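You will see subunit A twice below: alongside subunit B first, and alongside subunit C after that.
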Partner chain A sequence: MAGRLIQIDKEEVTTPVGEVVLTGINTDDVYFVTVTGVEVSTDANIRTRVAISGSADTTSNYSRAGKQFKDNTTFGNSTSTNDNQWNIHFTGGNGTGEINNFHYYVYNFNNANKHSSITVHESGLNKLQVLTGMQGAAIHTVNQANDGLSFISSAGNITAGNFVLYKVL
Partner chain B sequence: MSNYGYTGNKPTQSKSGNTGVFTPADLKQLDTDNKIVNSLYEHIVTLEVGASSISSIEITKSAYPELWKYSRIAFWLTDVSFDASNYLRFQVSSDNGSTFDSGTSDYRHYYQVTRSSGSQNQYYDDTEIGGGLDLAGSGTNKSFNSHGYITGLLSKRYYANCVFVSQGEYSDGQMTSVWGIGKRNTYGIYDGFRFVTNNGLSQWNAGKLHLYGVPV
Partner chain C sequence: MSNIRLLKKTIVSSSVNSVNLDNIFSEDFDKYIININNLHTSSATYLHGRVIDFSGRSANTAEYNYATLYSPSTSTSATEERGVNKTEWESLGYQGAGADYNGMYNITISNPADSTKYTFYQSHCVGVRSTPTVYLWKSVGMYSDFEAIGGLELFPRAGTLDGGVFHVYGVGRN
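So, the complex of A and B:
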């Protein structure tokens, strides 16, 4: 159905959970992930991993590169290689209004001969109530097919948020 | 099949008392024909680089007139790779693709490159032969994916431009995040655009270009 976003999976968090997994990537199309209203139980950030057969891949094959933007200082750089997760989110906390919103475009997850990658776009308040944004990209440097994404908090639980996976056609 | 919306013996479409409905078969056929336009994007065309390496993918109003109904064009370039280290530029045409503007001061661009190694580059120049889009090296996995918008092709008030965000891997194996904008340096009415290798060589060996009209 060309020209549409087809909803593939959706998880709405209303009670604390340790992990949210979106699955259903099974074609070579571009996919789109939108996540809104994420709250966590402690001053922490969302971490992301690829999911293979619905389970997070915890191997150290994650790289990232991007720019952070804050309303109280100059931009910062966010780069690293060979992590065991993508550390690509910098907003959020457990204070009032410290909510994380972001979206990804998702590439090559279904291709067993390519590295899975995403572009990242984020905005929200961080744990110091600072307006923070992130623009960048990330890659999982393994030639394997992945069928989804896993989200956790770097500490504590995810207490709220809407996580949705779409296929772009 | 019914005639799109009419399931009775004769049309009943009217502003009042409209009982015409689409049958499932209608919807399936319309979808197959890519004739359903919704409030998001209208998919216009997907082009794939074939067996032979090419220098550019060219889009013209004469070939895709429906694309020029829109003031904003969304694009995805997926899994783009080259025979040798190269990148793409955005260029426009005002003669339906016979020529593409490529003078030494026809374009300006700014783009930010951030690599997972931590190195940074900002590329900016107002004397370019095309708006730089991304960079990727040759070899397995050294490909890039990009998403962006093209606007201003038909505007006398602002420049034709291409704004984008990309992810790729450079020839040194470092993951790269790139975002920026490239635009034509003068106003104009353009009936064509293309993505072309930086040096014009036929080194573009894989990838797809997906184009959508955005009804804004």
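So, the complex of A and C:
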């Protein structure tokens, strides 16, 4: 962690919403996203997209690579290319204690000549009550400037959670 | 103004059985970062942890789950370890013994002071031991009790903690 974190945007979800968008990336600095205590209305996972002018980019240019840590069985590999969203979260549900916590380091979103990418660090409890955590990386394979990130649930709504975007200085 | 706040700094300069990072969690934050630099142990060993409640008690109930992946620089493969309903987190990281061998940690804690949520950690450790060999160590864990906790107790699987600098930061959301 560098010397300072400057908060750029935040959304605290206390009533059900279909989407959370964090915006304000407008420099070439590294950014940092923290998300804690995310709950969803049904057995579903958080999906992430880049945002352009505050709106999610739904084109099929999302790739990922990572490892799904689990406390009850062999870890899973998580790889995919050309999706229309990043499927990088594997915890959450609507049972007791089922929440998601994660953070990203965010790179090159403001640079129109490079792909946008993130590192993914997750820990939470999935819909089967298994401690799970994705540790990986993801990239948006288009040279375009993006100003934020969009979060949805793969089904139903996001019902709780603190979403915060920081600039790292 | 920065949104990351230093909450505690602890320096270990002589042999101790454990380090208590107590009174660090509160409702002011929901995300914390613990950086440990130059952790020295009396033997090549794992770093373990337990939560400390607001009365100062180190909880040893069987409510700790974890999943770890590590890979040494001398190997082409990675090893998985996991545990459920343990009485402590058994695999936050690892380091060798001796002046030249140490562990560097970045640990993130989520929701510790929230009595409506379980507490989760993610640990990223660079461990150095004889040869020298560097270990990548990644771990996630959960304390499955709806109990607000105030801190962490960190201790080696074997032997003593002989040195290290511990910084605890709160990541502000407001």
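Throughout what follows, the second predicted complex is superposed on the first by the 167 of 169 C-alpha atoms of A that agree within 3 Å, B and C clash if a C-alpha of one lies under 4 Å from a C-alpha of the other, contacts with A are read in each partner's own complex, and residues count from 1 in each chain.
FYI, a residue touches a chain if its C-beta (ideal position, glycine included) is under 8 Å from a C-beta of that chain, and two chains touch if they have at least 3 such contacts.
Given the structure is predicted, the values throughout are model-derived calculations rather than measurements.
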Quiz prompt | Simultaneous placement of subunit C and subunit B on subunit A, clash or fit | solution = clash
Practice problem: Report for A:T36: first if it touches subunit B alone, second if subunit C alone, otherwise both or neither. | Solution: second
Quiz item: Regarding the shared-chain residue A:L149, is it in contact with subunit B (first), subunit C (second), both, or neither?
Solution: neither
Exercise. Determine, under the contact definition given at the top, whether A:L5 touches first (subunit B), second (subunit C), both, or neither.
Key: both
Quiz item: Should A:K67 be classified as contacting the first partner (subunit B), the second (subunit C), both, or neither?
Solution: both
Quiz item: Taking the superposition as given, does A:N108 touch the first partner, subunit B, the second, subunit C, both, or neither?
Solution: first
Quiz item: Looking at the overlay, does A:A44 come into contact with subunit B only (first), subunit C only (second), both, or neither?
Solution: neither
Practice problem: Check whether A:H121 is in contact with subunit B, with subunit C, with both or with neither, and answer first, second, both or neither. | Solution: both
Self-check item: First, second, both or neither for A:A138, with subunit B first and subunit C second
Solution: first
Quiz item: Of the listed segments of subunit B (129-137, 183-191 or 201-209), which one clashes with subunit C in the superposed model?
Solution: 183-191
Quiz item: Common interface residues of subunit A with subunit B and subunit C?
Solution: 1, 3-5, 67, 121, 135
Quiz item: In their complex, what parts of subunit A are in touch with subunit B?
Solution: 1-5, 30, 63-67, 77-81, 105, 107-108, 114-115, 117-119, 121, 135-139, 141, 143, 168-169
Self-check item: Residues on subunit A engaged by subunit C in the complex (per definition of touch)
Solution: 1, 3-7, 10, 12, 34, 36-37, 67, 69-72, 74-75, 97, 99, 101, 103, 121-125, 131-133, 135, 162, 164, 166
Quiz item: Which positions of subunit C touch subunit A when the two form their complex?
Solution: 1-4, 30-31, 33, 35, 65-69, 80, 82-84, 106, 108, 110-111, 114, 117-118, 120-122, 124, 138-142, 144, 146, 169, 171-174
Self-check item: Complex contacts: residues of subunit B adjacent to subunit A
Solution: 31, 34, 36-38, 40-43, 76, 78-79, 112, 114-118, 120, 141, 143, 145, 147, 165-169, 174-179, 210, 212
